[in-house]
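Think of it as A, B, C and D in the order they're written, each chain with its own count starting at 1.
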Amino acid sequence: MSVRKLLYDQLEPTARKGRGLSPTNRLVSILILFAVAVVILESEPLVRSAAPQFFTIAESWLLTIFSAEYIARVYAAGEDPRYRGLQGRLRYARQIWSIVDLLAIVPFWLTGGTFNSALLRIFKFARLLRVARLGRFSQAWDLLSQSIASRKFELGITAGIAALVLLLSSAVLYVVEGAIQPEAFGSIPRALWWSIATLTTVGYGDVSPVSPIGKIFAGVTAIAGIGLIAMPTGILAAAFSDVIQRRAKAPTEERIEEESRNGVQISASSQDRSRA
Amino acid sequence: MSVRKLLYDQLEPTARKGRGLSPTNRLVSILILFAVAVVILESEPLVRSAAPQFFTIAESWLLTIFSAEYIARVYAAGEDPRYRGLQGRLRYARQIWSIVDLLAIVPFWLTGGTFNSALLRIFKFARLLRVARLGRFSQAWDLLSQSIASRKFELGITAGIAALVLLLSSAVLYVVEGAIQPEAFGSIPRALWWSIATLTTVGYGDVSPVSPIGKIFAGVTAIAGIGLIAMPTGILAAAFSDVIQRRAKAPTEERIEEESRNGVQISASSQDRSRA
Amino acid sequence: MSVRKLLYDQLEPTARKGRGLSPTNRLVSILILFAVAVVILESEPLVRSAAPQFFTIAESWLLTIFSAEYIARVYAAGEDPRYRGLQGRLRYARQIWSIVDLLAIVPFWLTGGTFNSALLRIFKFARLLRVARLGRFSQAWDLLSQSIASRKFELGITAGIAALVLLLSSAVLYVVEGAIQPEAFGSIPRALWWSIATLTTVGYGDVSPVSPIGKIFAGVTAIAGIGLIAMPTGILAAAFSDVIQRRAKAPTEERIEEESRNGVQISASSQDRSRA
Amino acid sequence: MSVRKLLYDQLEPTARKGRGLSPTNRLVSILILFAVAVVILESEPLVRSAAPQFFTIAESWLLTIFSAEYIARVYAAGEDPRYRGLQGRLRYARQIWSIVDLLAIVPFWLTGGTFNSALLRIFKFARLLRVARLGRFSQAWDLLSQSIASRKFELGITAGIAALVLLLSSAVLYVVEGAIQPEAFGSIPRALWWSIATLTTVGYGDVSPVSPIGKIFAGVTAIAGIGLIAMPTGILAAAFSDVIQRRAKAPTEERIEEESRNGVQISASSQDRSRA
């Protein structure tokens, strides 16, 4: 077996025949979670100042490993007929997730093995996105996009209503409170911050109407608008629940099929069931 | 074909035979969205002061176009037998949406081509309401009013309960906290602001009980009342979801009907289906 | 027809044969709503000081009318065999709603035709409760108590869980934040105010943990507890929606029955339906 | 009957043949509720200072009784074949609820009959957990764990999405607001407090973005994220409602079975039913 085939089997999750992840991918998953923990803790000044050496070294090691893994994965992608040759590799690298992976590495090398440029430091957080593809979790995004697709019309129309409600309530509060609190309600974009905080029921309290007329309009807006704003998320949650429940049942069926392949006796009983 | 017929076909969405909007209405839609963007950005002092000329000119152009469009639409309405003659045109202009359109234009001309009167400036925001009628979005209001109609009894009774809960909790807090915080709880209308903020769970925190007895009553009110206040919006959301889902399925049926009209073969198979 | 019978037909809603309310009860309903408006507006110092005479006179008239109505209603109750004689009248007056009515009147006369005692002024708000019995609205309470009865077990158990979650989260925050913020978290009852504000998602912000450990526990509590606290109200809302929807359908059936009684033809078709 | 058998019948709820609790367990339940009231009230300095003697004495009595009850229960557990002998008693004492009971007692004796050590005082709150096992309430936890088990996949995947949304929104706000408000957004863990407060819609308002760019990102995050964060609790609530409703119906069936055992006539009709 060629080195490329070996790398492909280890690094490409879909190439795996057995259940779960390959040993290499299990290690990479653990390293990604570790890298996430590093970036979270490092952001805290109290922790960083306590062990500045640790984070510098950990970053260097992690980035070196991820770089090697990236190169190996792009190289091994050639096993897939779609990604053969230099053209194929570029096609592989142009995929959204490959770009995320690249963005998480390149800034490190651009800054000479550190992330000391303020702007480039943002790319560190690209590794948070890699978590979204770990193990069984990666299917969550398929389920989520399926949910959105299955209720496109409802989501679109309720999102439109929500946007209009936000805009109208901002305009109303701008008109009635704009002169009294110019900092908070002096324009529609400013009043929009209040609208979002109120209609999502977050209600920080950093801005709220003070005039009686403002309070009356805000109260009416809140009572009438909160339900409308919550509609798209409610529809999405219901759709996701539907999609996920169908998926939760699917594995059982797969398991039955698997079992039925293992022997005549079970296969017969499953035929009985299908005849009934 | 007369000029009036031409205008009617271009300006009246229901006169359109094909899918979507006529070229003229597509342009008007874009101009409405542009006019909304203008009014939002212009309200922000930082933006307005950066380009004061732009907004004056944009307003003049937009209002002139919308005025021409309004006149053309009222004139073309005569194609519809219901709106024939001067009497018919007045009937057309008395419709709620025609009045909204008129309100968005008239103040501009009343102030000599500007909106410099503080009061009349409010009418600028009438154009926000025009967004509600753009494209497929316009059916949202039919769906919403269908939802309300389908649950009239439930909505009425739960809205009544919600109003009573708001009133009673205001009265309770007025009694127990009125003397301590006269500004916030010194009357039932004042305490109502607290009730709305609390029972919608917005909770700005600008007013909240400080006495132990006030906190006890407020806590009990919050726990018991939040569920009751949320009932009408919950019922409306469920009704809207029902109505919208039925509508989302409807187009498929229409498409099948359309297809079945195109040939005997499909028509036959659809008969089979209906026989089954 | 005796005076008592006349009064009974006018004042007792259940004695009414036709739809809706008797002319007298319609007037009383309007007066109750007016009395509610009076008590709300009068509570606001700005309004009261603007027209102090108006409120004194309005109160005198309203209370005199309500007193006369109360006496007339108790007297007329004798038409009902259950409330015959003095014993029966006392039974009538001991009903919860009769007591509410009495409480709304008596303090007025006890203070010599005014409500100038601070304590007795509270009884003014008893009239708010009378709103709950106006017209079709009165059935809302039957529906609500039906909803509670239909889910007694679920409501009881989820309310218990909610209470325990509130208590435990208060105890946790008392332990971790009590020493730092004694005013807000210095005892379990004090911390309970925070728990209620947080777990109902009201979040006034008057009290919130400041220490890192307090924030960690508060964050975990919020994420885990909010869903549990919302369960009883969610179950109640669902139950109420069920009960109310069944009720909304009921009138249609009644109407069909009514119609079926009017002729043989419809009655026959309804028998066909019941046979099917 | 031996003393051990007597104690077992009185202290072990599952040994009870009749409905409800044994007289001893009813007394213990009341004492637990009383002990909870004591620990809640004692935590309040105003109450404690009013009657310091009362709490010292009450604690001594309660702890002595609970200690005796604990010893008696462990001793009586020997009636159950599983917990026979010293080995069996240790097995009994190693159960999670037995440990909770022990933790609620031991610190009292370790501190010489008081809870005067700050650290050990925390164990006082272990008695709050005992409430969770009182009477019919104890089954709530079985129902809750059944609900979780029945939706393991959905809960896992939505909890993962929720965690990722919290993390990403914290990272975004850390990047855009970290420099302006280092105290509140100066690290991802710090920004996480804002994320939790916002996405659960609690919104204390102690921290909120102040820069326009921060508000834009926070607004988008709030609108998009709130629905996602609420998914696991929504799924749990739905699952719990399902499980609890099935349980609420179960007793009726049990009762029918019970009745059917009492006579041939009912048993016959129930056979008819099962044949149909």
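Methods note: contacts are C-beta pairs under 8 Å (C-beta built on N, C-alpha and C of every residue); 3 or more make two chains touch, one makes a residue touch a chain.
Quick caveat: nothing in here was measured; it's all calculated off a predicted structure.
S.K.: Can you tell me which chain lies farthest from chain D, using the average of the Cα atoms as each chain's centre?
M.R.: That would be chain B.
S.K.: For the pairs A-C and A-D, output the one whose chains share more C-beta pairs in contact.
M.R.: The greater number of contacts lies at A-D.
S.K.: So if I superpose chain B on chain C by CA, what angle comes out, to the nearest 5°?
M.R.: So the copies are related by a turn of 90 degrees.
S.K.: Find the geometric centre of each of chain A and chain D from their Cα atoms only, then give the gap between the two centres in Å, rounded to an integer.
M.R.: That gives a centre separation of 32 Å.
S.K.: At what distance in angstrom does the C-alpha mean of chain C lie from that of chain A?
M.R.: 46
S.K.: Residues of chain D that touch two or more other chains: which are they?
M.R.: In chain D, 201-205, 234 touch at least two other chains.
S.K.: What residues of chain A sit close enough to touch chain C in their complex?
M.R.: Within the complex, chain A touches chain C at residues 201-205.
S.K.: Once bound in the complex, which stretches of chain C touch chain D?
M.R.: Going through chain C, the ones touching chain D are 151, 153-154, 157-158, 160-161, 164, 167-168, 171, 174-175, 178, 182, 186-190, 198, 201-205, 208, 215, 219, 222-223, 226-228, 230-231, 234-235, 238.
S.K.: What residues of chain D sit close enough to touch chain C in their complex?
M.R.: 36, 39-41, 43-45, 47, 122, 125, 128-129, 131-132, 136-137, 139-140, 143-144, 162, 192-193, 196-197, 200-206, 229, 232-234, 236-237, 240-241, 244-245, 247-248
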